[in-house]
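One structure below.
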Amino acid sequence: MQTHRAKRVEIIIELPMERRLTDALTAAGVTGFTVLPVLGGSGRSGRWSREGQVSAAVGMVAVICIVRPDKVDGLLEAAFRVLEKHIGVVSVSDCDVLRAERF
Amino acid sequence: MQDLMASGMASLLSPMVLSFALGLVAALARSSLSFPDAVAKGMSLYLLFAIGFKGGVSVSTHGLEGTLIGSIIGGVLLSFIIPFVAYGLLRSITRLSALDAAAVAGHYGSISIVTFVTAISVLVSAGITSEGYMVAVAAAMEAPAILSALWLAARSGGAGQMDGELWREVLLNGSIVLLLGAFAIGTVTGEKGMADIESFIVSPFKGVLCLFLLDMGLVAGRGLRQARGLITAPLLLFAIAMPLIGAALALPIAMMLGLSVGGVTLFMVLAASASYIAVPAAMRVALPEANPTIYLTLALGLTFPFNLTLGIPLYLAAAQFAAGG
Amino acid sequence: MQDLMASGMASLLSPMVLSFALGLVAALARSSLSFPDAVAKGMSLYLLFAIGFKGGVSVSTHGLEGTLIGSIIGGVLLSFIIPFVAYGLLRSITRLSALDAAAVAGHYGSISIVTFVTAISVLVSAGITSEGYMVAVAAAMEAPAILSALWLAARSGGAGQMDGELWREVLLNGSIVLLLGAFAIGTVTGEKGMADIESFIVSPFKGVLCLFLLDMGLVAGRGLRQARGLITAPLLLFAIAMPLIGAALALPIAMMLGLSVGGVTLFMVLAASASYIAVPAAMRVALPEANPTIYLTLALGLTFPFNLTLGIPLYLAAAQFAAGG
Amino acid sequence: MQDLMASGMASLLSPMVLSFALGLVAALARSSLSFPDAVAKGMSLYLLFAIGFKGGVSVSTHGLEGTLIGSIIGGVLLSFIIPFVAYGLLRSITRLSALDAAAVAGHYGSISIVTFVTAISVLVSAGITSEGYMVAVAAAMEAPAILSALWLAARSGGAGQMDGELWREVLLNGSIVLLLGAFAIGTVTGEKGMADIESFIVSPFKGVLCLFLLDMGLVAGRGLRQARGLITAPLLLFAIAMPLIGAALALPIAMMLGLSVGGVTLFMVLAASASYIAVPAAMRVALPEANPTIYLTLALGLTFPFNLTLGIPLYLAAAQFAAGG
Amino acid sequence: MQTHRAKRVEIIIELPMERRLTDALTAAGVTGFTVLPVLGGSGRSGRWSREGQVSAAVGMVAVICIVRPDKVDGLLEAAFRVLEKHIGVVSVSDCDVLRAERF
Amino acid sequence: MQTHRAKRVEIIIELPMERRLTDALTAAGVTGFTVLPVLGGSGRSGRWSREGQVSAAVGMVAVICIVRPDKVDGLLEAAFRVLEKHIGVVSVSDCDVLRAERF
């Protein structure tokens, strides 16, 4: 099948910062993204789990954006401005997509 | 004194406190017992709706005994002031950085709605009435302390921005809106509305509270296990002294407001309790560099159990003594 | 008239309607208040089970007053016909494409089970009985409208395939199966079964309904906020006129069937309400090119609140007037 | 005999059994009806808490009628022994490998808490009392069978390690901790605690159980559909014979312990039922090469429905016959 | 460790189409896949969230398939036939897997 | 933006093995990972779904670790020791990360 080069950006970010991140992405022209729930994890600030939690303070989400390669830099800059002082992980990988007109 | 100890004992051996203890022990023993977060959220929505609604119905029948406005102003002032006291105490007896101290201080100025709910249950069991509008006071006391904390943090160079977006988030956070909304619905529909949904929000209330406290015990226990290394003697001292100080500050104000014994107790409980749901989330946004493990451990792992077990009976006893019981 | 307005007012100020309004306002104000979808799903499963079971028990005690078969046939016919009326109205007063109009029309031919459940609660509060088998009629009216919609879409070139798989999905969708299954269980176990589980499915029912309506208000409000730009005056007109037309079509049929005042009301409610759970999902499969924002906004954002607040009291009044109350 | 069939019939047509049947049929018909796992988990937490608490309260009021210690020892022994019987039967009548047979055997030595809970409901409906401490016996019988299964697997070369970590996981697994914890809380708080939360844990209990059984029917039906090809006549025979054998082994022990009719019934139910929550998870860790489809299908898809429908009335009848009713 | 080249296909698709997609994958010989829940997202049809939703109409899932490189084309064609008129995103990236005999 | 080469390891593993896996990762010096919930899937052992399930026996989770390339081998060995006899899928892909000092 006909596919096109694109980038897959995965941002794991604190729950209370989710809306700020997605707003910043939208402002930077990235309108396509998908938010996945996260159960728990571990990092420099220790281990955590969403089990039984009510507060958003203990929780993260994973935001996935598939973008055209030329849009990656804008996206990363927008994400970085939000993330800067916050915990979170940003990774970018190459991918191929169907229906490139959508990105 | 005899009475006091007996009622304290009774409260310690209530299904509520024991459920919390069960959760705490299970988590410390690393049992796999856990609640899905959706279930925990569902229970908290139920508790907020029920307590708000009941407060509203009580206002609709008894009217605004005492001064609603006065109590709200008193509560808001306390919420502003307590963080400064907490900050001073933390900086003098612990080694927390200015930023961490400011963040912790904000939690103690705000309130723990579950401590409040448990205190109401204790009052109901003891046959003591209280002003229905205290739930509005509780809602009003959630946010002001955040401002004090940010001011304290900014003064010490710790930045801490309170932008418009954060304002909106804090003032319209889910628990404030649900509490006040249910309160308004209760006020409007009154006894008739209560008759409609009584067997949902009154009868099973304590049972749901038990399960919710069990879950909180699990969460608190897991947190304590993670934070073992962090709890120093001065921090422990703070976690127990600060609710007592908060309650002591609240008592004269409550007396001046002319609240009933139940109302005085609840006012003290609000001052004494520390937030671990709404404020931590706001602090993650506004003061990301403050260490969340510290404030969550203090508020949920130490002060909450203290209030649940010893605090509430103590505040009730003080209120009975002061307001004449 | 006096009475009508009074009872309309009472219904507007019920905890149920106010809970929905609270959710709507909270979402429009962008509060963070929200229910986990697992909790929303759990509440809907409870409501379907309870309402189905109660209907079945009622049939087991009162027998099939009136004609069950007749009512089901009447309901199915209505569900087939209403989409054509809705389609015609949409195409003449709005600018919706043929495809979007067909998709919307399907929703209005089908039913909203929560509107139905709320109407039963209103009847119970007013002390008006109704035929227990109406839940079977409700279940029967879910699917036929989908066929009409697909036929309308196909006629206008909009494809729309109803393959065997989709048939199975629609006819065996969770809410139909649960509603009819619980109805059957209620019929078989009767009063004895009811005694067993009454304090689970009868007493807390209204309270759960309040929380569910609060959640629906939140979802509807969020949808309305997203769809601001989309709602034109003609669409708004349609969203209010169509339930009235549906109810007007239902009234004479219900009278011919000889239903009780309660039954007539429920029959009108079924015709007047629009699906926003089962039909939208089927439309995403069968008519993927139709815009979901349009049908969800109309059914959940506009028609549902209209029926909840003004519609139900109106249909009840009409039923009382017509069937002699 | 007349009586027996009548009561068997009554039990078959109870809302509980019918709810399970509804779930089973819906899943086999591939309906989309389903519960979120968070809701299923929430209901199971509720049931465990309620049943444990009630058992504890019963002990606090009636004292330890009969011998608690004796019953626990008897139960633990049974849990150790039954896997050997099950293993022998499986190896002689089915073609399961030694490893799969050992894994299955472990499930039958352990217990199904929902079968136990349903049996208690049946007893309560029939007005038959039972020893409150049977919930402690149930908890004690969860784990021993796992050891027997691992021993059987090791003997046949199937490895199967029970490391310290797995020990902790099994002994402190959520359901054991919640059951025993709630039992302890019930014992401590007694009638007073019961009065506090009765309308949460007693009144709605059967209704929640119905919904939970509906969910279990859905899960079991889905499993059966997946495992169609796997169920041979010998496996089917085992799934029905084994609970009868377990119950037959339990009956004399229960008589020797001097349990009441209700207690004898519950003891038989524990022996007859097979675990499908805790043990499967432990087996995935300890015997990863054993096929989970086999043990889940036998325990949940075949033996559970058998016990629910025919088993419980039968064990009750046998208990009444033997213990003199 | 010994690893083998493979492809990771990630398909984000509407909830009501989930079973049709997985059935099509199975029919195309892809028997290994994993379904992840999705909380919300944004695309040309606007923003959405599963919060409080009962209807499957508002919701998506992410289906992840790890396949041998030679199977990717069959998989993409099968997915495309289901997706064609539906909203959804398909991306393919290179990866290395342990235990290649499983794919 | 300045990015750095890294590896993204995705491990799909049975629920009852989750803690053993994360403990083994931690023991192997991998302290950063994120756990995602899984709804269902299909493999050689057939199709399954978490719907309505209470038992952990029927369920999986996805563990994502972003690591420096030189740490991948240690990670894979640790994961393999836990997974060996268990069902589960391990895939590794290249990625670029912001804030490399975190890994």
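By letter and in written order, the chains are A, B, C, D, E and F; residue numbering begins at 1 in each of them.
Everything below uses one rule, namely that contacts are C-beta pairs under 8 Å (C-beta built on N, C-alpha and C of every residue); 3 or more make two chains touch, one makes a residue touch a chain.
What you see is a predicted model, and the numbers here were worked out from it, not measured in a lab.
Common neighbours of chain B and chain D under the contact definition above: C. Minimum number of contact steps separating chain C from chain F: 2. Ranked by how far their CA centres sit from the centre of chain E, the chains are topped by B. Across A-B and C-D, the chain pair carrying more C-beta contacts is C-D. With respect to chain C, maximal separation of chain centres occurs for F (centres as means of Cα atoms).
For the pair chain D and chain F, the distance between C-alpha centroids works out to 34 Å.
Annotation: 18 Å between the Cα-based centres of chain A and chain E.
Chain A and chain D have centres, each the mean of its CA atoms, that are 45 Å apart.
Looking at chain F, one finds that residues 36-37, 47, 56, 93-94 touch two or more other chains. Counting only residues that touch two or more partner chains, chain D has 32, 34-39, 41-42, 199, 203-204. You'll find the chains touch as A-B, A-E, A-F, B-C, B-D, C-D, C-E, D-F, E-F. Of all residues in chain A, those touching chain F in their complex are 10, 12, 36-44, 47, 60, 62, 73, 76-77, 79-80, 83, 89-94. Residues 34-37, 39-41, 44, 165, 215-216, 218-219, 222, 226, 276-278, 280-285, 288-289, 291-293, 296 of chain C are the ones touching chain E in the complex. Contact residues of chain C toward chain D in the complex are 36-39, 41-42, 45-46, 49, 53, 168-169, 172-174, 177-178, 181-182, 184-185, 188-189, 193, 196-197, 199-201, 203-204. If you check the complex, the residues on chain D that touch chain C are 13-15, 18-19, 22, 25-26, 29-39, 42, 125, 199, 203-208, 210-211, 214. On the side of chain F, the complex with chain A involves touching residues 1, 3, 6, 8, 22, 26, 31-37, 61, 64, 66, 93-99, 102.
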